[in-house]
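Order as written gives the chain letters A, B, C and D; numbering starts at 1 within each chain.
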Amino acid sequence: MAGIIDLILSIIFYPPIYQLVLVGLTGALVVVIFIIWFERKATARVQRRLGPYHISPRLAGLPQLVADLIRYAFQEVIIPKTVDKELFVLAPIVATVLSILPIAVVPLTSNPAYWPIPMDYSMLVALALTTVSPIFLIVAGWASNNKFSIIGGVREAFVITAYELIAIMSILSASAAVLSFNLVEIVEAQRVWYILLNPIAFLAAFLAVLMATSGFPFEIPESENEVVAGPFTEYSGLLYGLNMGAAYMKRFAFSILMALVFLGGWSPYTPGEGILSGYLIPSLIVVAKATVLMMIFSLTRSIYGRFRLDQALEGAWRLVFPMAVLGFGLALLEAYLGVM
Amino acid sequence: MSVWVYGEQKSELGLEGTITRKLEEDLYEVFIGPQHPGSGHMRIIVRIDGDIIVEADPDMGYVHRTMEKLSEGREWIKNVPLFERMAIHDACNVTVSYVMALERILGIEPPPRAKYLRTLLCEINRIAAHLYGFGIFGVFIGHSTMYMWSFADREVMVELAEKLTGARLTHSYPIPGGARRDMPQDFPQAARKAVRYFRRRLDEYRKIFLDNPVTRKRLEGVGIIPKKIAAELGVVGPVARASGIKYDARLAEPYDAYDEVEFEVPVYEEGDALARAWVKFEEIKQSLRIIEQAVDWLEKHPREAPIHERFWAKAPPLWKKVFEAEGRVKLLPLMANLKLPPGRAMARSETARGEIVYYVESDGKTTPYRVRIVSPSARNAIVFKYIAPGYKVMDLPTIYGSIDYFPPEADR
Amino acid sequence: MEGNGGNGGRVYVGNLDKSAKRAKQLVMGKLRMGKAVDWATAFSLWPVHLTTSCCGCEFAATWSPRFDAEQHGALPWVGARQTNMILIEGTVTKKMACAVRVTWEQMPSPKFAIAMGACAIDGGIFYNSYNIVRPWEIIPVDVYIPGCPPRPEAVARAIIELQRKIRKQRVASKWIEEGWRPDREYVKPKEDPCSWWRG
Amino acid sequence: MSLDQARRIVEEALSGIEYRVDEGKGFIEFIVAKENLVEAASRLKKAGFDHVKSLTVVDYKAEDKFKIVYHASSYLNEDLAKVIVGIGTEVPRSNPKVPTLVYVWRSVEFQEREVFEFFGIEFEDHPDLRLLLLAPQVAEKKPLRKDFIVKEEPIIRTKPPTG
């Protein structure tokens, strides 16, 4: 009996699992609720109106997202007869889970006791995991058997090919500068935040994340004026809520990665011993930095319209990709000069 | 000299037309609308090859409310509120030419004060309608701030119209022989304030929308209508003027006070979506000028009943007493069963979206024999069929928004 | 075998209907989430993007900064599948009736309808037109707004009234518990609104 | 340019074709025989009237005829833009068939489709003569003809709507 309890406890306290549950699920939910509220409020502010308000005037409408979430959770889930049922149901769930999976391998502290998986290639694994979830968006579009969904899925595929290389190149430039794939070493090496040393790579990564998570002006796969809701046109209720959340979760995962690589991770704090100072405080600092990044991401909504698909792709390949390459070159130069 | 000769010209213009209702196997047919964020109250059947539109077939009539038929059963004056329902945010412009047609049959000319009042409301409506168009355009290219801003500022003009007429949208302001009521005492002040406010705001619109790099990229070179083809398709309003056609019903056949006020008609040569947006933008500026002039004129000249003396002479004494005491004019009771002499008349006026043409035929009864309305959107609908093919799917909302198509107006 | 996930779908999905019912019993019965559902539904009335007629002008103005119906949690959304409210803006023509009905059927329950304008009540100025139908013949309407066109304040008022109705009469939670709307029989149109399209 | 000047221009263009002049307020109409309609329209187009503002059809039930008039004007010639000149024909109500003018004026394409559904007038050789606005069941009634009478319904219902 004791063996089984030990086994369960060891599964729960297996670092990747609790990090996924604590930071990946709970943290992401709280941050996403805050970020969507912030996005709606900030957009409303620019547009000279109030935004969500009457649901709770004292909290400035913060529970609005909770209400939307509960409403979606309890709405009927329609599964049309024409869809491919298994894929239709599974795709959003898998996409959502996979979109926060990178968090399971990212070390959020320098204390080795709380590293999820002690390894030297954590950055590579995290980057590799970010590339999995978009495939399930295409699957969702395909399984819906709806013309708008398929067009949206195809657009998603186009956009993936454009942003993935840029994101990976620009984030890898940090490891080129430090000459290590270990995120802990990259964070520790940043006496000066890497964003100041290599702003080009940061800008490229910023744009790539905007494209990856359908932020304006790259909100093309779900562009409502041609393809109603893109791959999610047929989704209703909880499944649509998951789909909507997946994009933000993905943005959260990317933001944490960017906070570690470009914004100095848990600096200026030095993690100590014990769970509080060794794990909770540094991970909170990282999440806070990621949240600030996400707030900046959400400001583009009120300023820009959306690009046409070919213009976005052209911009990505002609402008942002050379930028990422330049950033990578700069990183190599820095490594040669020993700046970091 | 027959169709054949013209046939050569047809191919030269490249207006072959598309064969509809026959689907090739490798084309993809998408039904956009009527429940779709990128179609108003209409359906556009689009066939695409990859990302390129091969055919676009507008399926209209979702808002066809049979105005031409209903008008044959209703009294002359009742048709004014009926017709303004086709474009309620542009109510004065669409009804003023119907009223002008009636005046032509009656052989009367409204007094100058009524003319200026109508002109004033027409220009207020034009600005409101252009801002409405800008807002919808903004949504169509994903720019929600443009929608919110222009709808917020549209309220300024709507309130001005409300001050003048008493209704937000459906004013029913022009009546045969004049206008329904005079402006209130404090109107000129409010109008000047609104004009000052708009002059300031327009600059910000230019910054966030017309000069926005993303917007420019979306609009430039999209939906190009060359001048010759624009004339051939018979497009109207800002669409024609963006293609270099210097045509405006206010210039061609000046009605109301338009031959007395100073204004320019902006004409652009490019013919693309951006030029259409610029035409509307510049027209708002010109409308502001006209509002100022009209308000100045109305303030300078003494108040008189803004209705033709032929009708005013028959007004009940109470009406005249009210006018002397408060300067208000109520709708005359004799308007209810107005009888027109037999005759036919045509009149045109320039609405925000272009020229609207009324053909009115009377056989001497209290109701019209036939009213034919050709609204600007109905004439612009042809753009979908002939201009949209060849552009990308994501350009369709741009074209839709730039021609400012308003289905209730097109379907009548 | 409906809802069984098709052939072999059981392996992954299970019996969807059964598990949904069990989850419903757990949540609504044991956890007493009914009140929270009503609260959430009332403050999350998202109208579908279907403009039936010219009241759409005032519909658009209702969500503009001056009146800003997003304050009440209502947000016009793109597709029928993701929304729970339909706002009929004015006249419904025979051609549009089909679209209204299809959109209504596409929406997931619990769903609500507001009819806006005199035309949506009884035809309004077009009462004797040969091309219009009354919206209440097609879908069940919860709140009517008089006016031609109603002012944006009236639309906001209708949303508030609908919120009050949902929370007082507990429409949403009862709908979820019992599977159908208790206070109103489902509207069956006299004639098929889509017959023009099929025929 | 006044209507009189426009009339002279059109009369010159239409020389050799028999026509009748119908004057209205604000426009002028030239009514020709059905056979000459295409020819006359082509000449009008050559004279500079490059688009059609309104395709007006009036149902004269008492005289048993439809009057079909294409009210044309000009965009490219600013002088001609000031006038509206109609070219039209009359057909019996029993056999409403007219040659199409789409190949002369492309701008009438949608308006001819509209007239087709509202009056049941058939435009021969029209490339795409389908219903435009109406549902098929409604279009069968030919609503704008004078035989179709709009029923007046009682405004106040005795029974409130239940639904």
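Operating definition for what follows: a residue touches a chain if its C-beta (ideal position, glycine included) is under 8 Å from a C-beta of that chain, and two chains touch if they have at least 3 such contacts.
Because the structure is predicted, anything quoted here is derived from the model rather than measured.
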*Among the remaining chains, which ones contact both chain B and chain C?*
A, D
*Would you identify the chain whose Cα-based centre sits farthest away from the centre of chain B?*
A
*What chain pair shows the greatest number of contacts?*
B-D
*Quick one: chain A and chain C, Cα centre-to-centre, how many Å?*
34
_Where chain C and chain D are represented by their mean Cα positions, the distance between them in whole Å_ = 43
*How big is the gap, in whole Å, between where the Cα atoms of chain B centre and where those of chain D centre?*
22
*When the centre of a chain is set as the mean of its C-alpha atoms, what distance in Å lies between chain A and chain D?*
61
_Residues of chain C engaged with two or more neighbouring chains_ = 64-65, 78, 95, 106, 128-131
*asked:* Give the residues of chain B touching no fewer than two other chains, as numbers and ranges.
replied: 36-37, 61, 64, 66, 69-70, 73, 148-149, 152
*Residue numbers in chain D touching 2 or more other chains?*
134-135, 143, 148, 150, 152
*Pairs of chains that touch, anyone?*
A-B, A-C, B-C, B-D, C-D
_Quick check: in the complex, which residue numbers of chain B touch chain C?_
34-37, 40-41, 61-66, 69-70, 73, 81-82, 85-89, 132, 135-136, 147-149, 151-152, 154-155, 158, 168-170, 408
*Sort out for me which residues of chain A touch chain C in the complex.*
40, 44, 47-55, 61, 63-64, 66-71, 74-79, 85-86, 89-90, 224, 228-229, 232-237, 240
*Which of the residues in chain C come into contact with chain A in the complex?*
5-6, 9, 12-13, 16, 20, 27, 33, 36-37, 39-41, 43-44, 64-65, 68, 70-73, 78-79, 81-82, 84, 106, 108-110, 172, 176
_Help me check something: in the complex, which residues belonging to chain A touch chain B?_
43, 46-49, 147-148, 151, 216-217, 219-220, 223-226, 228, 301-311
*asked:* Residue numbers of chain C touching chain D in their complex, please.
replied: 94-95, 122-123, 127-131, 134, 136-137, 140-141, 184, 187, 195-197, 199
